[in-house]
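What follows is a pair of complexes built around subunit A, which joins subunit B in one and subunit C in the other.
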Partner chain A sequence: MKTDAAVQKSTESKKKNSFKRSSRQRAKASLFAQGEPMIWLTGGGLVVSLMMIAGLMTLIVINGINTLWPKPVDLFVTYDNKPYMGEITRVEHFNPAKSELHQHQEKVNSDAVAYFEKHNGIAKRMLVRTGNFDLSGEHYNWVNEYDVREHTTPEQACVVERTSWGRFYGFPSAFLYNGEVIAQDDNQIWETFNKHHKEVRKRWRTQRKLETHEIGKINFYEEKERLKLREKELKFGIESEQWNTQNDHFKSFHARSQSAYEDIRTEINSLKEENDKYKIRFTTADNKEKIIPLADIVRMYPANSLTFFDRMNIYLSRWHEFLFDEPREANSEGGVFPAIFGTVVMTVIMSLAVVPFGVMAALYLREYAKGGLVVSTIRISINNLAGVPSIVFGVFGLGFFCYMVGASIDDIFFAARLPNPTFGKGGILWASMTLALMTLPVVIVATEEALSAVPNSMREGSYACGAGKWQTIWRIVLPRAMPGIMTGMILAMARGAGEVAPLMLVGAVKLAPELPVDGMFPFVHLERSFMHLGFHIYDLGFQSQNSEAAKPMVFTTTLLLITIVFILNMLAVKLRRKLRKKFVSAKF
Partner chain B sequence: MKNKPGLRKGNFFESIAKGERIVTETHAEINNEDITLDVKEFNLFYGAKQALFDINIKIPKGKVTSLIGPSGCGKSTLLRSVNRINDLLSIVRIEGNMYLNDDPIYDPAVDVIELRKRMGMVFQKPNPFPMTIFENVVYPLRIDGERNKNVLAEVCEKSLRGAALWEEVKDRLNDSALAISGGQQQRLCIARAIAAEPEVLLMDEPCSALDPIATNKIEDLIDAMRGEYTILMVTHNMQQAARTSDYTAFMYLGRLIEYGPTGTIFQAPHCQETSDYVTGRFG
Partner chain C sequence: MKKLYAVLSFGMAMTVAATMATAQVKVDPELPEYKPVSGVSGTLKSVGSDTLNNLMTLWSEGFKKIYPNVQIEIEGKGSSTAPPALIEGTSNLGPMSRKMKDKEIDEFEQKFGYKPTSLPTSIDMLAVYVNKDNPIDGMTMPQVDAIFSKSRKLGYAQDITNWGQLGLAEQFANLPISMYGRNAASGTYGYFKEHTLGKGDYKDSVKEQPGSSAVVQGVASDLGGIGYSGIGYKTADVKAIALALDENSEMIPATPEYAYSGDYPLSRFLYIYVNYKPGSEIDPLRREFIKYIFSQQGQSDVVKDGYFPVPADMARQALESVGITPEF
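Entry: the complex of A and B
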């Protein structure tokens, strides 16, 4: 580079001496010939795209990471003696209406007037998460700064995350056992809370497990028996010999499961009874009393007297809950485990479906089909398929997979359950199939590229050894093309995992407590609806009743989805690197 | 009358330009040999374009035969017609026939795959398969369904020894074949080609992608294989043909001009054109 530039300079200066004008033209031409402006242009393009991606990622990461960090609790008392206690979630500056100002002047509120004069009529207001929805009917309240008479951060203020009604903010006043006060002093209450909370929650979880899993299991198997009976009825008619045998069997089964059910109910009741003894009484900032059963409290902490270590602890425990628990409070609290599980299972099934089909199609197109009008038409159509809006695939999936294929499967295999559909509705299998169809072009195109990159000399070498066409493809071409096929799979996975629109039609739902894989025979239930992180994001952001509380979770969930896609991709990239090392190398 | 002592009368180049039929000048020594491969009146067309014209050549058993000639003269095409690799191109059409030990090669009844198993081929650029050295060598047996480990190991060692590669790779048979040097890769390809004990070994410019030292080794190897294998080799390098082969055939513009013992072809060819080519006057 240096020598080039030097040579150029010397020729330029030589030219300058003899022909001034033409030398200038030469200099201009050589600037473009060197490509200096093009370097800036292309580099600029790169910088702009990188900045947009980096900005988006930063926004998601910062918001996603911050959401679960425990914030302090503030207590605001306004001039009209209304207390607002909670966490500040948002701060805004606004220009209050004139009438608002007059109101304050009429009240001769000198502090407020001074405030307006000081801030040139611009006021600050805070969105305070006051919680206590069961008492006040509000989750959030706007508090204008000029209305605030007193702002404190009370030491004893306590944040309670509970299983229903949203968060609670208050001061613990007593710990009740069997209706009797056993602790009143603040320290004592915390001590008793820490002593009993774990076991109570453990009982609560056992109870929940019994309610959902064990009773669910009984219902599941009883439903199976009932279907068997119904099958006999459809096949042989009611009161037939076979039906009668089955009916007797069903009756005895029913009696057995009924008694099992009773046993479980008793167990649940005893657990409930034990848990009902523990309660905490709170006083809210506006002096109302509220008694909350200990079993309903997921987490409770004195937000204003936490050390950094305590906060870290709460933060991590919230992440743990977020990753491994089921959602509660209309998805705005709790975890997203079913959504994570659904996303991963769906992506895996989709990959398992799309890769073999895509590879087979590409193999035929590249290795067997003779070039011509038909093949190029097919190729163009495949490429165009990649541009079809994903919602169209959703509609197709609903019509074809759910209503045609699924309904036929129901007619043949699950006739006893009709009119309730089994496969004839949205489910994880149909969602995976729909996405597989959608990502098929990606895999076909990538595989074709990979196949055409396999040197012909290798094919010829194999033929010369007496190998047939398929032997050559199977033993030489496919292994060699594997890394390229993996690239296609990675692209398909990334596209499929992040897709939402078609899923809304073919099986993703707001809440699906039953996972597609569980302990009940046949263990994999591909007909079930499922939760999906992408759909969860949409649901939180736009469908939630308590949207203020859900909004921060949007970022956290997005961060999680991106992380999962990233992890899946990294796994595939690692596999690809391994394959590439094995099958492709630079020669000489 | 002869133009020069020992040179045949007539001008092939003129005849070719006129489109006349060329009769190959085949030396009498060939008739004393056992013939492995017999090409009879062979014509080959790429679509409308004819690439080979009336080729008649007998490849003697256990000898090394070189095909020489300028670029585009059809020597590779002829070689690739022997194991019908050219068939893979749908535009190829042929006339005439070839016989491998009296079995016709071009015949509707012939199973091409079985036919190819009777020949080995070494290509211009080393083309080891993306698998281990061991698997590369035993590939012809694998596709035949051979599973016996002892048989495979035996064949592998024998072939690698036959290709003078055994000492260099015996400790890393399970390494990737793509990791060894270019010259070793080419000898590996030779080992693969002889693994199934072919009746004829076809070599398409086997040294053109190699450095001089690797070329030397391959030439030594070809020399060592003389007698045991029937080798038909295409080469660009006339010195190589002179050094390694027993018989040499000179091709020009799709015609076989002259075919005879290497010594005669290079020192006292019967045709003026051959003489011009081997002395470097054209080509």
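Entry: the complex of A and C
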């Protein structure tokens, strides 16, 4: 989309240049005859649309980039001796009721009234991310400035990003190994932490790998055997001869995989045991103690004594996590890799499906069909199709692809898995097909335009040389129309990648860390549900439990989605440019 | 409902007393740690409530840590989507934030010849939220009804459209009330309609939101806002007000102890419905998933998501109802 805007912009500026006249000419003609007001009108239109785009982009970019930057940790102690320690997320000015104020003054004996006289009755309050949800039951707290007795930024205060329960804010008090304190002094703790954290996390990753890959493999093959058995049961009945042999086979297979499983389990357990020895004890601001295993700590840093480079380091490592990790904690933390992958794969499959069909349809309409009532009706219908709300396509996809086509495929090929549906539910294939249908009109219209732009003289020249109709189309018309067809594909991709509503019905889900492409036969699993960045944004924005923490992630994810669409478009544009260059000599 | 609360209060009285001091609810210590078994794999598909959406995700994350190759797909677009998916066979778990309606049960029974089994997995309080700057502390149920409903089935004398009518002064005296609610597919919508509006109709001016979190965010950014959602979605920007059955009864704050005692008028169970033929043996995948839900790990996920865990007695009953012998 952006590239089109750029193209528009350049043509616009060319137009403006052609309007340039000498001042003497201008004096003679009337204002309207010069077209001066029209320049201003069209230019104004451009400026307004550019400003809207720029404004939206700036909002997304600034918010998206800021989210992952490590902020300092503030400690507020109120007059009633409640400590609030955490990162300030938002600051707000408000106008509290007088009655409340006086009550307040009496209760906590602050100098609230004096504060208000000083600030003209407007109070400031801060939303502090206090974390420690497992201890306090709150993620965030509002702190009124007039309640604050003491505001410090303690040097030892530490931010801990954990694998579960969200962030933790506290002071490290001891490093434990095997239950014994091995470091107590602040510097010592950090030293030991830096020494051990990497290896512990490395063990943790090995453990995850064993769990996902090795055990996964065992389970996968065992499931396969189970299905074979079930197939025999469906075909020959239970206790039949074939079933019995298969059953014996299954039993021996099961025993073997069982022992393999036990081996891996022991390995995992020994890794876990080793990791469990390392723990850090923290004291929170309100003097509670909490022991966190080192393996649960994703990242830990002393937020108030970081240099710029430390911050940059943390920032980059957070981006790395965001882009390449799986989501954690009901999608509110961790990364979005499965969603990125799902979005890209879906868009690619969609383009592969929509372009050939769209081009074929357009070719017939433009090159073979005789103009008349039927053809123009078809053209109008195609244009109308482009205006059908996307959710209607979603409903159609669900009814036709999932429930009809998918269910039939299941009945024929995957009967052993029933009642669990394989293709008879939403999946990445059906989602791509639905979006392909939705974007079909765009491709057809763009291709038709491109075909009609190929000069007839070229066709005639081809016929004159003795080429047939199809030869002419294949050798002369199509190559020259290619850039225009690519434009259609770019538009279709941009529309498809950003679409969410129909996907919700045909396969985009909140959590599906299994990628549609992986290392297990048959490698491509088109029946799987998938995660999609657009749906992820919707989910974060409207469904997440800890909505305050999710809000900034919405911007970051949006930024990412726009970037991906931009990259896909750029690739297509580059391809188009290459194609255009090829035929530059053919231009008159 | 009443009967279940009797069971509840039986086991919980002690635990609740112990947890009153800290804000965080504790899981019943009688529940066992989940122990992995082998030979569990396959795909679980869950379609249903969006209130339970996060919780289902947390459970599946925990479960997948133990059984890495189990695939769990979760779709949460409202409780009303659970029964059709269970009947069609497109899902094996149907999380719902309300009980199935008789009609839905009948449809299920017609197809399979037995009723679906409901498992109460956690306890939720449907909180009525107002903006954090709103000074109101509590309301009676007829008042809430008069705000949200045009039928006023609970018999409040007049329509309430203004915060001044609830006795608020200063800037709230003339502030109109703006209502946020859920869309009709939501179980929360149905539950609130049944228990607060006396099955009356919502006003047309209630702004229907696509998710529980959206309701809370709407109220958070609207000084005159009021809305309802599960207690798990509370943020620092909103306040959950106390509720009283009528003007003569006590105001009950939305805190865990009153959910367990059954005093809070809008506490409810969050269910998972399964297709289980009574007397048969449930498949290993669903068996282990259900056992995981009713374990220490599963119930501490409930706490993590802001809901309240079920006591051991209820867990036992739930496990027995799908033919699993509880080992605790």
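The criterion applied here is as follows: the second predicted complex is superposed on the first by the 549 of 588 C-alpha atoms of A that agree within 3 Å, B and C clash if a C-alpha of one lies under 4 Å from a C-alpha of the other, contacts with A are read in each partner's own complex, and residues count from 1 in each chain.
Just so it is clear, a residue touches a chain if its C-beta (ideal position, glycine included) is under 8 Å from a C-beta of that chain, and two chains touch if they have at least 3 such contacts.
Everything numeric here is computed off the predicted structure, so don't read it as measured data.
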Joint occupancy of subunit A by subunit B and subunit C, clash or fit: fit
First (subunit B), second (subunit C), both or neither touched by A:Leu478: neither
Contacts of A:Ala446 with subunit B and subunit C, given as first, second, both or neither: neither
First (subunit B), second (subunit C), both or neither touched by A:Ala112: neither
Partner chain in contact with A:Lys582 - subunit B first, subunit C second, else both or neither: first
First (subunit B), second (subunit C), both or neither touched by A:Ala353: neither
More subunit A residues in contact [subunit B versus subunit C]: C
First, second, both or neither for A:Pro455, with subunit B first and subunit C second: first
Partner chain in contact with A:Lys370 - subunit B first, subunit C second, else both or neither: first
Touched partner set for A:Ala464, first subunit B, second subunit C, both or neither: first
Partner chain in contact with A:Asn141 - subunit B first, subunit C second, else both or neither: second
Minimal inter-chain CA distance - subunit C and subunit B, angstrom: 51
Residues of subunit A that lie at the interface with subunit B and also at the interface with subunit C: none
In the complex, subunit A residues that touch subunit C: 94-100, 127, 133-142, 164-165, 211-212, 215-220, 222-223, 254, 257-258, 261-262, 265, 328-331, 403, 418-421, 424-426, 504, 509-514, 528-529, 538, 541-548, 550
Residues on subunit B engaged by subunit A in the complex (per definition of touch): 83, 85, 88, 90, 113-114, 116-117, 119-121, 123-127, 129-131, 139-140, 142-144, 176, 178-179, 182, 185, 189, 192-193, 196, 202
Of all residues in subunit C, those that touch subunit A in their complex: 22-25, 36, 38-43, 45, 50, 53-55, 57-58, 60-61, 64-65, 67-77, 88-90, 92, 132-133, 135, 169-171, 209-214, 216-217, 232-233, 235-237, 304-306
Contacting residues of subunit A [partner subunit B, same complex]: 370, 455, 457-458, 460-468, 471, 475-476, 479-480, 582-585, 587-588
